[in-house]
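One chain, chain A, links the two complexes that follow: it is found with chain B in the first and with chain C in the second.
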Partner chain A sequence: MIAYLGRRFSALIIILFGSSFILYNLAAVSGDPTEALRGSTDPKARQQLYALIRQLHLNVPPPTRYFLWLKGLLGVFTGHATFGVTRENIPVTSLLSQAIPTTIRLILMATIIAIVLGIAFGIVSALRQYSRFDYAMTFVAFLMYSLPIFWIAVLLKQYLAISFNNFLANPVIAPSWIIVASVVSGIFWAALISGTRRKVQITFLVAALASAIVLIVLSLTKWFAHPGLGPILVCAMGIGIAYFVTFLSTGFGNKPAFKSALAMPIIGLVLYYPVNYFFKHFAGLLTILVMALVTVLIAILVARFFAKVDRGPVIRTSIITGLLVGLIIIIDRLMQAFVPYFNTDAVNGRPIPTISQSNSLLPPGNFWFGLLDTLFHLFLPTIALTLISFAGYVRYSRGTLLEVLNQDYIRTARAKGLTERTVVMRHAFRNTLIPLTTIIVVDFAAIIGGAIITERVFAWQGMGTLFNKAITDLDLNLLMGVFFVTSTLAVLANLAADLLYSALDPRIRVVGK
Partner chain B sequence: MSIFKRKRSVEVVSGDIANREVEGLSQGQIVRRRFIRHRGAMISLIVLVAVILFVFSALDFQLFFIKYHGWWKYSFTDQPEIRTQGCPGGLGGCPTLSLNPFGAFGLGDHPFGQDDIGRDYFALVMRGAQRSILVMFIIGIVGGIVGTVIGAISGFYRGWTDSILMRFTDFIITIPSVIIGSVIGYHFGNLGVTFLALYLGLFAWTGLSRLVRGEFLSLREREFVDAAKVAGATNRRIIFKHILPNAVGVIIVSVTLIMSGAILLETALSYLGFGVVAPDVSLGLLISQYQDSFSSRPWLFWYPGIFIILIALTVNFIGDGLRDAFDPRQRRRISRKERSAERKVANA
Partner chain C sequence: MKARLTARSVVALSSVIAIAITGAVAVPAHAARSTVIIEESNTFTSLNSGTPDNNITINSDISYMTNMGLWHYDNNTNIVTNPVLGSIKVTKNTPTDFEVTYKINPGRVWSDGAPITAADLLLTHVLTSSAYSVKAGLGDPSNPDVTPAFNSGFYTGVYDQHVVGIPTLSADGMSMTVKYNAQIPDYVLNGPSTPFPVHALELAAAGKKSLPSVAEANAATAQFVKDVTSYNTASLKKMGALYTTGYDMTTVDASTNPLLLVSNGAYQVASVDVNQAKLVLNPKYNSGPATSGITTIVMKQGIADGAPSAQALANKDVDAYQGQPTADTIAQIKAIKGVTLVTPSSFAYEHIELRVASQDGKAYNGPFAASGGAKAAALRKAFLLAYPRADIVTKLIKPINPDAEVLGSTWTLPGSPGYSDVAANNGSAAYNAGTQAERTAAALKLVQQYYPTAGKSTPVKVNLLWGSPGNARRTSEAALIIAEEAKAGFAVTAPATKGWGGKLTDSAYDAHFFIFDQTAVPQDAQACGTFKTGAGSNYTGYSNKKVDDACTQLQAKTLPASTVHRLQIVAERQLNTDAFFLGIFQNPNVTAWDSAIQGIKPAPLSPTLVWNFWEWHF
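Then we have the complex of A and B:
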């Protein structure tokens, strides 16, 4: 293993060296930073020209100049590693350390949502191969695959931000919208459920009616102007979650699991006011982490109470349910903060911003305001990025699951009489995740490269901004700094993917020759 | 909850039907049949060809000595007067395209409207689509050729050649395509769109070359290659006549993938300002120029985007159809009608 890692790391360093060498020379020969000065007739221009040549070492030919840059980087062995300074004499490292967290924040949420939704839809699509749902999903995936992100971003800004902000001034949903939304929801759920025609029709009617009722209630109570859930709704949603998680995780046959999952929303209801009291006085990220930890502990205790044997699946079910219920309580708390946030001068009734990463006018110090602000600023970029990367995961998880379902061990599992749920979730789905993990890891690095465009569209100050600046200023040090971070992430992701693959799939062993 | 329910016992009969249908057909015929049967891919192919013909015949162009006169009355550099008549809200240059069969059906004077200085937007979009399609094909062809050659050489000769070429591929694969595209595009964009596409194509082959290499590595161990060697065929002959035809599926499929990626890359680069530059026109450039006028003159934003999506979507679907057609494990989906007919025959 150590030999294998050593071999991989040396290969990694060679690759980074080679690609940075190629990019450095490519960038160096493709632009001349002295061009503007050479054409100038200003008497001082000559002096500035010499100063610039000295500053950027332009008298050294690019292949050799690359090693000057590398020398700074190799300082890592003596403790003085540096990416050099930009043309304005700002250290590249300090710029990068500000930009990297912004970019990560931008893509992290979108990636997670895209993975979860993509896998879910891909799997349903595979289980319903050649159904209308499958065809529709294929079409939607290809459509999203073909969307230019800068184009969809403008649409989102117009319809989700500007129009929605206008809508919030008088949050009454027009009847035509209610009808359209209900029909769409009915079609969606009906497509998801397979079965006899009668069953599909019933599903359609129930789903459409339920959506219509919910929308009408939301509209009549002007819910969007002062959103909130309250303890009863939190508990009701928690029970729904408990059903769903039990269904996916163990099936309803496992009574202890079902019971302990159902216990979680009840506990949530009991603890609703104490938790909110706690949130009021100790708001902060640490509090949320502690709460999550406590939730896990409670979930384990509850599971141990209900299950005497075979506790693993029960504990898993109740932990997942508990964390999701906790998430709903936090969402509820955020909704409580919405009205005061909405009325601050900084927001002024238009909560969804179209650009930038945070609202600098917002009074600092309020944790919930800060969290809401971050989430609202993430809203549009996350949707845009999710739409784009979601498609790949749908296609990939569909293809992989179909392949896995054709394997012999699936037939064996069915032959020994396991329920279809167990076959799909335990035997097929887990094996689908193996190739998916590698794709996800590699993709994450690619998304960082793609974030350049997203940042530009939504005016975020991250790596993409630095990169744009580097190219237009012909700033080699800055360019190489940005490149070095993205490409290091890319090769490390590749390595991580290979290691994960061998850890997950016992048929694959890493060999240290 | 019936998400997990499945239909049983359809595979056996379907397999029989599918097997009988391909009996006695050559590989090429099977592939062609499968592709034609892929409805999405066939529709996409027709739409794409129609779009290409429509877009390229609209405007004047000059190919070496042949001058072609397009059927559209404006060129993308003309600046006719801004038409305000009939526009809502007194805005100038609104589109005249009307699909209302009972009203003023037809293209009108400026079907896609006019931009802020009066240029005909239909001509601009046509020009932009021409550029994008051109870039797409050039990148596809250049990337395809370079990738095939590098993959073939490294897979066939293995050893040192392979290591060096694959390390080189790794070098290029590590650099994100937007970064390399921007570096090239920013400095070579002014050389014209053909050069830009050529340069971009020189860096678009990495994925393809890995696939081709894998294909060559497995094919070169097959018996027919040994037979060719024994018969005294040269390496070149083995590569081109024996192995390459067997790897053509992989190549075609990944070239379509390169192409669908290329059109999005080109538009993204032009949007960032690192691709096609003014006075030339590209779909990405049009969107980037007019994205702020979306609320006042939305047509300036809609039409280029629709063309990008149309081209990328059709190419993606064609690629999907090709992948299905070349995949030997792929079986045609047998409809319920055919299956029941089959069962009747079996029962009788």
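Then we have the complex of A and C:
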């Protein structure tokens, strides 16, 4: 193991320095940072040109100049390591430390959503292999794969930002939209549920009708102008969640689990007003964390009350349900903050922005405004990134699950008489996650590299924007700083993925030779 | 019972009314807007845009709005002085002794309350005079290998060449007199313009981190004057280091040294974060014209030009935009309701120039070399005649700016007084006469004198340099040029070249087309830097005594406008006869803003969008 790690780390160092040398030289010859000054007719331009040449060491040939940069980095041995400064005299490290959290904020949520949705749809797709739903999912996945993100971004901005903000001025949904949305929803659920022709027809009708009713109510009450759920809806949604979580987690056969899951939304209803009192007077991240902790404690107590033996799955079910109900209560609180947020001068009736990552004109000190602001700024880029990366996960998880389902131990499990839910969730799904883990780890490393186009189009100042700026300004110090962080993480993530794989899958061993 | 019910209902009713009233009060009435949000494509990097590395649009826009000077350019490139702050007067005017006196009006204050005095103009001398920098032991700015302590972008200009000694301050400290050894033209443009809070510089360089009292500020100002006049190297070096890098930052917040934020403009920097710079009114402002109702100006930064900017405008994420978009984006902006779009010409112009002599020490024997005599002259003329300028303007520029025209002069640009006169008489008509087909036919005849096969083949090889492969407009230009020049017998090789800026003096290339960016309008219109023998942007090796003479006269002293135009005509006629340089078009400054904002009038020179920010209102 140690020999293996040693070998990997020495390879890592060679890769890092070799590739940084190549990149530095390629970037240095790819353009001329003095261009703008050559075209200036200002008599002082020549002196400014000298200053630039001095500053960027342009009179040193690039292969030699690389070592000037490397010298700063190797200062790590004397305690004076530096990535240098940008062309504008800003330390590269300070820009990196600003950009990395931004990028993580931008991409983390999109990646999580893409993973959750991708795996969920992939599994359903695999279970309904060669059904209409499977074909539709395959089609959608490949469509998303092939869409350029800048184009998706333009469409999203046009319809979900500009048009939606206009719509909010008078949020009445046109009948044509209600019909289209209901039919689409009907088709979606009918395809998802599948089964006999009659069952499909009934599912379609029920789903379409339900969607139409919801949309009509939303339109008539102008819900979008003053959204909110209230305790009753929170509880109703919580009961839905309880059903869903129990179904996936233990199955309805486990009565204590079902009962304790159902208890969570009821407790949520009872605690709705006290919780909102705390939200009002002690708004902040800490309050939310404390409440999450309290929720977990309550969930454990409830589970212990209902279950006398085999408490593990029951506790798990009630904790998941409880946290999801808590999330709904937070969403409800955010909706309460929406109207005052909407009416601030900074938002001015247009809550969905097309650019930037925050709005500093908002009145400071309001936690809910801050949270809403972050979420609205995340809204479009998250959708765009989810749309394009979700396709990959659908295909991977579908393929892996199908492979796993054909294994002997699945047949054995079925032969034992286990329910289909247990076979899929416990025996197949867990093994599906092993290869997916490695993909996810490598994906996370790529995240730090930033989504160059997405960040540029949505004006987020993350790693991708820095990289783009470094390339266009031929700012080699900045470029190398971004590159060094990104490539180190990429190499380390590959290593982590390999180690993780061997830890998860006992058939695989890492060896030193 | 009944009475109790009534009492209850009264209480209930009154509480309902109370709730209704408070509810009605709580709904914020949308008052007239007072915030303008400007789109910026690059990001803020410094409070000081005077150093070469931080001279980028967003920095200079912020500097312009937070610092009020003694003059500015208006949208017709006229110099407008600022009588509120002070005055500029010529106080001695002989051929060898020329003095200009700058007077600051009493009572003007910095944002920290300290009085503005003439000493605040004195820093300009330190930033501009190479002789001073050398004498004070701060490094020789004219030496390419030396970084001066005050690494400003102002050395080697007219002021630097002609200033004598250190400017003198009056006894009351409110006037400063600058002495020159010649009657320099454009003394307003070339002299000190915007005061710099030298007390804050002095204090911050000494490590102070809080705003001074007025007495402390006055003492610091006096100390600064002493440091400058006594050539206090140690102290000046500290201030130089601060000036050069101390103002560079990407965020401004409560932890920023307030001394670095002292300014005298209508607005002051309130905060800068990764997304936006926020400027708010300076309550102590009394250095210039009053603002018209905008209380906050926000620069949203790092927004990509093109569709993202257009959509940000449509979604009202930004109120004003200026950029270099494609015709598609312009159509997109035009389709937005309630947005005003204008596409005026800027003072950055594309041009074609032909190499006439070597500049890199290697022998140059290209087709256009002046040493080639009559044959080379004919080929130059032919090349310029066949150069499809009208096509370029019609196909590439008019879709953006319908009023664009082919340039008739580069010594004075369209819209300037005297342009039509100069363009009509400078011999440029020869390159505009007839249609392009006729001009190309004339060019072919010239080439055929020396290459009879021209027309059927392309015997004259021309290496054309242009840059930036990513620049779609230039790519199209190159294609048009290659096609049209081929008809006149020229085989033009024109690959997009990265790093073209450094190759402008390379003898391997016979011609270049690129943009010249004019930064001011002095008497010689910055043209002499291009055409005078050996001048800074003379990349063709051109040298002609008539042109040099005209330049010498234009740069010697202030002349009446008619004389200036006469000299321009003389020089340009010579240039057109020698046939090696033609202007093509001016870059359009595409500007769009929310029509609710009044008073935006984009100017051709920097700061193009914000030059009259104090006139803006809703």
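What we mean here is this: the second predicted complex is superposed on the first by the 468 of 513 C-alpha atoms of A that agree within 3 Å, B and C clash if a C-alpha of one lies under 4 Å from a C-alpha of the other, contacts with A are read in each partner's own complex, and residues count from 1 in each chain.
Everything below uses one rule, namely that contacts are C-beta pairs under 8 Å (C-beta built on N, C-alpha and C of every residue); 3 or more make two chains touch, one makes a residue touch a chain.
Small disclaimer: the values here were computed from a predicted structure and weren't measured.
Asker: Go through the superposed model and pick first if A:196 touches only chain B, second if only chain C, both, or neither.
Answerer: neither
Asker: For A:486, is the partner it touches chain B (first), chain C (second), both, or none of the two (neither)?
Answerer: A:486 contacts chain B only, not chain C.
Asker: Does chain B (first) or chain C (second) touch A:95, or do both, or does neither?
Answerer: It touches chain C, and chain B stays clear.
Asker: Answer with first, second, both or neither: which of chain B and chain C does A:154 touch in the superposed model?
Answerer: A:154 sits against chain B and chain C alike.
Asker: For A:19, is the partner it touches chain B (first), chain C (second), both, or none of the two (neither)?
Answerer: first
Asker: Quick one: classify A:30 as touching chain B (first), chain C (second), both or neither.
Answerer: both
Asker: For A:78, decide between first (touching chain B), second (touching chain C), both and neither.
Answerer: Neither partner.
Asker: Considering only the touch criterion stated at the top, classify A:127 as touching first (chain B), second (chain C), both, or neither.
Answerer: First partner only, chain B.
Asker: Regarding the shared-chain residue A:456, is it in contact with chain B (first), chain C (second), both, or neither?
Answerer: both
Asker: Pick out the shared contact residues on chain A: the ones touching chain B in one complex and chain C in the other.
Answerer: In the superposed arrangement, which is not itself an observed complex, chain A uses residues 30-31, 150, 154, 158, 162, 456 for both chain B and chain C.
Asker: Spell out the residues on chain B that touch chain A in their complex, using ranges where they run on.
Answerer: Against chain A, the touching part of chain B is residues 1-6, 40, 167-168, 170-172, 174-180, 182-184, 186-188, 260, 264, 267-268, 271-274, 284, 287-288, 291, 294-295, 301, 305, 308-309, 312-313, 316-317, 320, 333.
Asker: Which positions of chain A touch chain C when the two form their complex?
Answerer: 29-32, 34-48, 50-55, 86-90, 94-95, 98, 102, 150, 153-154, 157-158, 161-162, 165, 343-345, 348, 350, 352-361, 456-459, 461, 465, 469
Asker: Considering the complex alone, what residue numbers of chain C touch chain A?
Answerer: Residues in contact with chain A: 27-28, 30, 33, 35, 43, 45-46, 51-56, 141-142, 144-145, 147, 151, 153-158, 244-245, 248-251, 271, 273-276, 278, 296, 298, 300-304, 307-308, 311-312, 314-318, 348, 467-468, 498-502, 504, 514-520, 526-527, 529-530, 536-537, 539.
Asker: In the complex of these two chains, what residues of chain A are touching chain B?
Answerer: 14-16, 18-19, 21-23, 26-27, 30-31, 124, 127, 130, 138-139, 142-143, 145-151, 154, 158, 162, 192-195, 199, 247, 419-421, 424, 446, 448-450, 452-453, 456, 467-468, 471-472, 479, 482-483, 486-487, 490-491
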